[in-house]
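Letters A, B, C, D, E and F mark the chains as written, and numbering starts fresh at 1 in each.
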Amino acid sequence: MQIKVYYIKDYKEGQKFYGVYLCKVKQMLKSKNGKTYINIDVQDKTGVINGKVWDITNAIESFEELDFIQVEGMITKFQDKLQVNINRIRRAQEGEYDEAEYIPASKYNKDKMFENLIKLVNSVEEKHLKKLLEMFFVEDEEFAKKFKIHSAAKTMHHGFLSGLLQHSITVANICDYLSKLYYILDRDLLITAALLHDVGKIEELSSFPQNDYTDEGQLLGHIFIGAEKISRMTDRIEGFPEKLKTELLHCILAHHGELEFGSPKKPAIAEAMALSMADNMDAKMEGFTELYEANEPNTAWLGFQRMFESNVRQSEGTVENRKKKA
Amino acid sequence: MQIKVYYIKDYKEGQKFYGVYLCKVKQMLKSKNGKTYINIDVQDKTGVINGKVWDITNAIESFEELDFIQVEGMITKFQDKLQVNINRIRRAQEGEYDEAEYIPASKYNKDKMFENLIKLVNSVEEKHLKKLLEMFFVEDEEFAKKFKIHSAAKTMHHGFLSGLLQHSITVANICDYLSKLYYILDRDLLITAALLHDVGKIEELSSFPQNDYTDEGQLLGHIFIGAEKISRMTDRIEGFPEKLKTELLHCILAHHGELEFGSPKKPAIAEAMALSMADNMDAKMEGFTELYEANEPNTAWLGFQRMFESNVRQSEGTVENRKKKA
Amino acid sequence: MQIKVYYIKDYKEGQKFYGVYLCKVKQMLKSKNGKTYINIDVQDKTGVINGKVWDITNAIESFEELDFIQVEGMITKFQDKLQVNINRIRRAQEGEYDEAEYIPASKYNKDKMFENLIKLVNSVEEKHLKKLLEMFFVEDEEFAKKFKIHSAAKTMHHGFLSGLLQHSITVANICDYLSKLYYILDRDLLITAALLHDVGKIEELSSFPQNDYTDEGQLLGHIFIGAEKISRMTDRIEGFPEKLKTELLHCILAHHGELEFGSPKKPAIAEAMALSMADNMDAKMEGFTELYEANEPNTAWLGFQRMFESNVRQSEGTVENRKKKA
Amino acid sequence: MQIKVYYIKDYKEGQKFYGVYLCKVKQMLKSKNGKTYINIDVQDKTGVINGKVWDITNAIESFEELDFIQVEGMITKFQDKLQVNINRIRRAQEGEYDEAEYIPASKYNKDKMFENLIKLVNSVEEKHLKKLLEMFFVEDEEFAKKFKIHSAAKTMHHGFLSGLLQHSITVANICDYLSKLYYILDRDLLITAALLHDVGKIEELSSFPQNDYTDEGQLLGHIFIGAEKISRMTDRIEGFPEKLKTELLHCILAHHGELEFGSPKKPAIAEAMALSMADNMDAKMEGFTELYEANEPNTAWLGFQRMFESNVRQSEGTVENRKKKA
Amino acid sequence: MQIKVYYIKDYKEGQKFYGVYLCKVKQMLKSKNGKTYINIDVQDKTGVINGKVWDITNAIESFEELDFIQVEGMITKFQDKLQVNINRIRRAQEGEYDEAEYIPASKYNKDKMFENLIKLVNSVEEKHLKKLLEMFFVEDEEFAKKFKIHSAAKTMHHGFLSGLLQHSITVANICDYLSKLYYILDRDLLITAALLHDVGKIEELSSFPQNDYTDEGQLLGHIFIGAEKISRMTDRIEGFPEKLKTELLHCILAHHGELEFGSPKKPAIAEAMALSMADNMDAKMEGFTELYEANEPNTAWLGFQRMFESNVRQSEGTVENRKKKA
Amino acid sequence: MQIKVYYIKDYKEGQKFYGVYLCKVKQMLKSKNGKTYINIDVQDKTGVINGKVWDITNAIESFEELDFIQVEGMITKFQDKLQVNINRIRRAQEGEYDEAEYIPASKYNKDKMFENLIKLVNSVEEKHLKKLLEMFFVEDEEFAKKFKIHSAAKTMHHGFLSGLLQHSITVANICDYLSKLYYILDRDLLITAALLHDVGKIEELSSFPQNDYTDEGQLLGHIFIGAEKISRMTDRIEGFPEKLKTELLHCILAHHGELEFGSPKKPAIAEAMALSMADNMDAKMEGFTELYEANEPNTAWLGFQRMFESNVRQSEGTVENRKKKA
């Protein structure tokens, strides 16, 4: 007989809890009366639930944080929150689970997105820039593979599988649109800079399921890491024009727009300005999308949001759009 | 025999200066040796030239600043700049000149732009918002006429005839594009807010050729003026939903994005954020375009620009694009 | 036999708790051992006390937050704080209570304050301004009634019944005094602006007992709401001088003094500056008064206060003044 | 025959220039053709006029900047400004002029103002504070004499004879008014602090006609100088309560309200806050008065004013008040 | 039989707790079941431990916060933290303990540091400055005694016994080094200012074990207190040059470097700048040292630190240095 | 007969002007009466003087800005400033002049400074860091040669020949001193970072005599350029520890201390903080030294200095030190 495996967000009080989940947090604690118990948080891509192992018996195998574990227990409620009383845990084997089920992921198909990225690469006419993009996304398969699934942030925004890919393409698309509106913009330079602007994030953030700042990331930052990576790559392309390289690196260095946001240079050419604004636009709009989707579709106030420095909420139209889509 | 009338930017030293021009500045001055002379700046849409009337004879009719005047004189050079020695001035009659020739204007055709605006109006589905836009742009012909030619700024950016129309449409187009990228956005609300966000500028700035802040503009600002105008208009539309009105007014009030830029509220819904970012994007990109076009197409540094808080210059690609276009 | 009804601040441990109170907070919670209980906060104008309903019997009628409820129970102490063990609750009927007893109120008599306001109105000589004030405070009885009791804030400062009236009059009095010191000030304009500067708060904040930001308040703010209201009212007065209207609206828009405090314009005439400073002065002095009165009369430090960006305390003289007054 | 002596503001082109004036600036310059001439600015309390000595003959006595000089010449006009061609200069003797005629002065009578100050001193009830005020203003006659005529600023605001006295009294009067409105305020402490808050200016600024920062003033500032002076004086009063002294010194140290304005402490008691706001109020209102009076009574814009961080102008009412008063 | 007295940091679960400790916190609390118990924190120079007195018997003598108490109990563990179940407390007598054992102290010997200070005093050549230093550190024995043990801060940095002495000497040493690098610096002035720059802290902070801001400290601050103290002392030295006094006081007033850090003047001479930078350098480096030493010697991230406005950690080299030293 | 060649600062009015100078500015101008003349600024290391060529004859050879030219003329005075009337110019040949005589230079011997640098290199114990320093300063002779003479700034501070060397050594010396005071500091890492922190300036600024920002310098900045250069160099050293490399690069990236000063990361380890403070200390102290030396040795105020955000002056002691040294 097959036991029903639910997504975490779908469990109700009183149900049996069963399935493979990712252990995000694990602590040995002592209760008031001195008994040791295990406190864990398990997650899948739909949410997180807290669990307690009150009896540490043979049924509880050894495991660590970030392991995938097969868990059995009962759903209870404590202070209005669901909780699992766990009586069985074992480590899951590779093959028993699909990692993508346990960590938040882009709602867009990563292969389709990558196809779109390759189309953008092919649309670049200047041969050195095109070659540069191909060296990253076509010739360096290991890099391309990482880029396809990497997150673009620890938390908000784009803090999910393929978040970096989704963000890079959207920024490049906005830049493509801008280059139609403003003839002064060098489309090839702008598209190249847009697709590469966050490549440093691959080293700034560790891979899922951990998805946290690396030491190198904290000490050097993705702006420097990315610019250096691109600088070295251009040196491997014969005849890469020196001025073009400098302009491209400037776009990468200036893409946070302001010194106080970590860019060591302010945008000094129109392409750098366009990139920094497109980057910010996608950040803010995706930020709103994630915040809205984490809440019910209604116009209730969502409290002060540091990202927007304001109390925010959904418009009537947003509510309708979300309902239509659901 | 017809005397050749040049645009101001095309005169050379030694030529006869002849034609109708707009008098932008007029001063009575005294030379070192005590003689009174008239110092004037005359302009057409291509530039400004300084002139001196050394002999105030009958050939010099009475005229005022901002009059259109028929001028005759000779082009000379003083300290590397061209100058006109004027010997004849008379006021021009209406009909002798086309005002548009004397003041900077959008490079886009205002009728075509307005057609595009009407298409955007027609694309709005929510009936109250559509009615509101029609009341402004279709039913109020006097308003529409003004909106078609008004400037959007005293100087940079969009400080030219039909600058307000060009800016409003471009912002609305960017918003249209964003509403395709981010499904949460209420396109009808966003397009409406985009087309109306700067309507207060019609009262904040006087018409060309003066194009300066009005008293009302300085004391109240286009944000309040525009929001109040829209608020009153909605009240004339039966059944205009109260919440929708509030959201629309919020978008207008918040479109500068930050309190310190004169918005009394920060964006609190995604549409208000999208509008403020699209507005800023067009301001910055048009700012670059105007700055670049005021300079030769090369990569020389253009000095510290307050608008961008940086020394800026044109990229190699911008230079090429400008040359191709010329 | 009549049971003694105390003010909340006067109850002592061990007394019977009895009377009608306002239910400010109501929650259904579960105890550690799984039993459901009701947690409530009840308030009168002298304070707030927490209560628990451990046994949900027939004696506990259904009620909601912000209902007035008749409560019976016993005062106990838990972790040094008084608490009520409640055994009986019923909804109170209109007529059983005087709303003013349950919500904080100005210590000044609202009718006397309003009389003073009318005197100030009558002291205005310019006929259009006087008419404007009369339309608000005399002819629009519904508005006047609301204005008399409305709060001026959600919390500190003037966050109580008739707080708006008290604040408006005090600001107007300070302005009156300033117009004697500085002859340049237009007293009529200044008094009018002072009395009307916060009229937008009537829509920005909901009425007591809720007294919270409305949606319109959060999205538009009392500055815009008030300025628009005044603008429309002036249009109903024949011959209201256009310049005077603009100056008055400017005073309203600029009354927060700085863009970063939500004014879309900085004060540009002396009257606007005087109003913004008088407004700030009453805010800060009332803020100190409320803070001091919420603490014992002594010179102990009161901790860092965000309103004053400092750790503050009472001077020796303040302590004496409070003791004399008590 | 008596030659008519005009105030500088009353001279017209073509008149003879004659009288004793204060030499504010004196420079030896060379003309284009190599001739040495003297360039001077002379002032009286109504204004400043530039003069040239083209022929340095015996009729031109030796003199220095800040000397009072008897000048003869002719009024001419150069580039729309009046100028004096000087042919005779001699140093004026003490007794030939009344210093007060040559430097800007308070429009209020300094003796009457000082009488009012003494009344305020007498209204202080706390005996130690009263004694302190008497030691400054009654017993130390030299100090009192200086205080009566000292300026309160190098330029705007109160940068004139008796400016310090006028400012101190006005601030004290506002504080007196506030102590009626807010019972928490210790009137004795507040009035004392108000009258003494700027005593350090006597050493921060040199006396007229120089009226410039002293070395001590620039290195230490009037806040420290004044606080130290008051601290030492209290030590000479037997039984001066320690806490009262600390509160008084705190009011002096905190009277600029913000650290970035040079106060080493933010106001931490209500009296310190009241004083800093009253000080700022008089500064701003006097600043407006001086700016307005330096311009014609009309509503023309007066340009961006650093003091108010805004372009400012006079209201219609201000214009009327000034005309009535003139 | 002698019971072993451990330092707090060395106790383990299950041991007997015994010795004299400083009572830093004392509260009477009630348990869930209504029983009164005593909650205390006791400390020695190595750390703090929490204790509970569950039975308040005769064995528990009366005592207050900041008393030294002789405690007996058992070490237990609650939620992974050590705790003491106390069954006996008595007040300790003077003589039973060495205060220095109970409060954090400089790791440098205070007498040796003071010797070094005296050497620095003796190295000053300008006789008035030398005399001034001698009056503070040699002639005023009471002051010298306090200075030797006073803390320089409530918490971080130098918030320990002799912290003021250690900080003053280190700053003076850095200044000495700078005066070798930059010949423009007046070494005598700089050393004097360095040794005296924080003398106001003796009154700003109370002595250990309390080590908290005094009222005077909060209202006036150590900058004013110190500058005034020095000013008065110089007046007792015959012939102290006025300019030198002003420069010295300026160095004291400006030593926080920026107005927003509480200096009423920015550094205006090179010596004031050098002092403010040396002061800041020792603050930051000691801050790092204290933070590092409060953590294990490894390169783990230590979280966001307000003092450095960054997440910080130890370098590999720091880890090695600490291990070598240990 | 040998004509006397003076330094520019030593010429007096009426002398013959003769010698080889650097032409810093050259302009063709037209006089009021239409005659073309040449306006030039010539400089040597002691100063700059303006010259006019009124007659452009055969004696005036063709030359360009930044050429060294042999000039003959007469010293005259115009509006109190010395000026040269030039009648002969020819381009100087290499060998006729010593470049160092024409551009400001460090007052320290560059070979001795470089010896000291090598000593510092040799004092580094960690072998990879030592190797890295040797690769820059010993093995790469071309780099070392440039480093020895490069400027560290366009203007203030260290904007002279060998300014980069002088600054790098002084910063390293301060860091050496700090590593003695604070045992936590990794001396090897700190000294290495100090010596290399500004290597990017070699590409950010062009060489003397131009000494201006390069395009690469403006677009990328010396922080990125230097960090990338060091990163690549470490990759050529076998076994360079990855963590050490990251810490070193972090020190380079963070050496401006604050994001708003162009560092993309704030100091996160003690060595990075120490370096940024030592860098700032030398900048400020050298800034004072240069400012003082550009003025007479007296205590006159030197006006508001943007670098110090204050009006500054020399102390009495500075004046004495300068006199002693002169």
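Basically, a residue touches a chain if its C-beta (ideal position, glycine included) is under 8 Å from a C-beta of that chain, and two chains touch if they have at least 3 such contacts.
Here the structure is a predicted model, which is why all the values come from computation and not from measurement.
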Superposing rotation of chain D relative to chain F, computed on C-alpha atoms, to nearest 5°: 120
Farthest chain (mean CA position) relative to chain C: F
Between chain A and chain D, centroid-to-centroid distance (C-alpha), Å: 63
Separation of chain A from chain C, taking each centre as the mean of its C-alpha atoms, in whole Å: 45
Chain centre separation in whole Å, for chain E relative to chain D (CA means): 46
Residues of chain D whose C-beta touches two or more other chains: 215, 218, 243, 247, 268-269, 299, 311
Complex contact set, residues of chain F against chain E: 170, 173-174, 177-178, 181-189, 241, 243-244, 247, 266-271, 273-274, 277, 280-281, 284-286, 288-289, 292, 299, 308-318, 320-322, 325
Contacting residues of chain D [partner chain E, same complex]: 215-216, 218-221, 223-224, 227-228, 231-232, 243, 246-247, 249-250, 253, 259-265, 268-269
Parts of chain E lying in touch with chain A, wherever the complex brings them together: 77-80, 299, 301, 311
Contacting residues of chain A [partner chain E, same complex]: 29-30, 215, 218
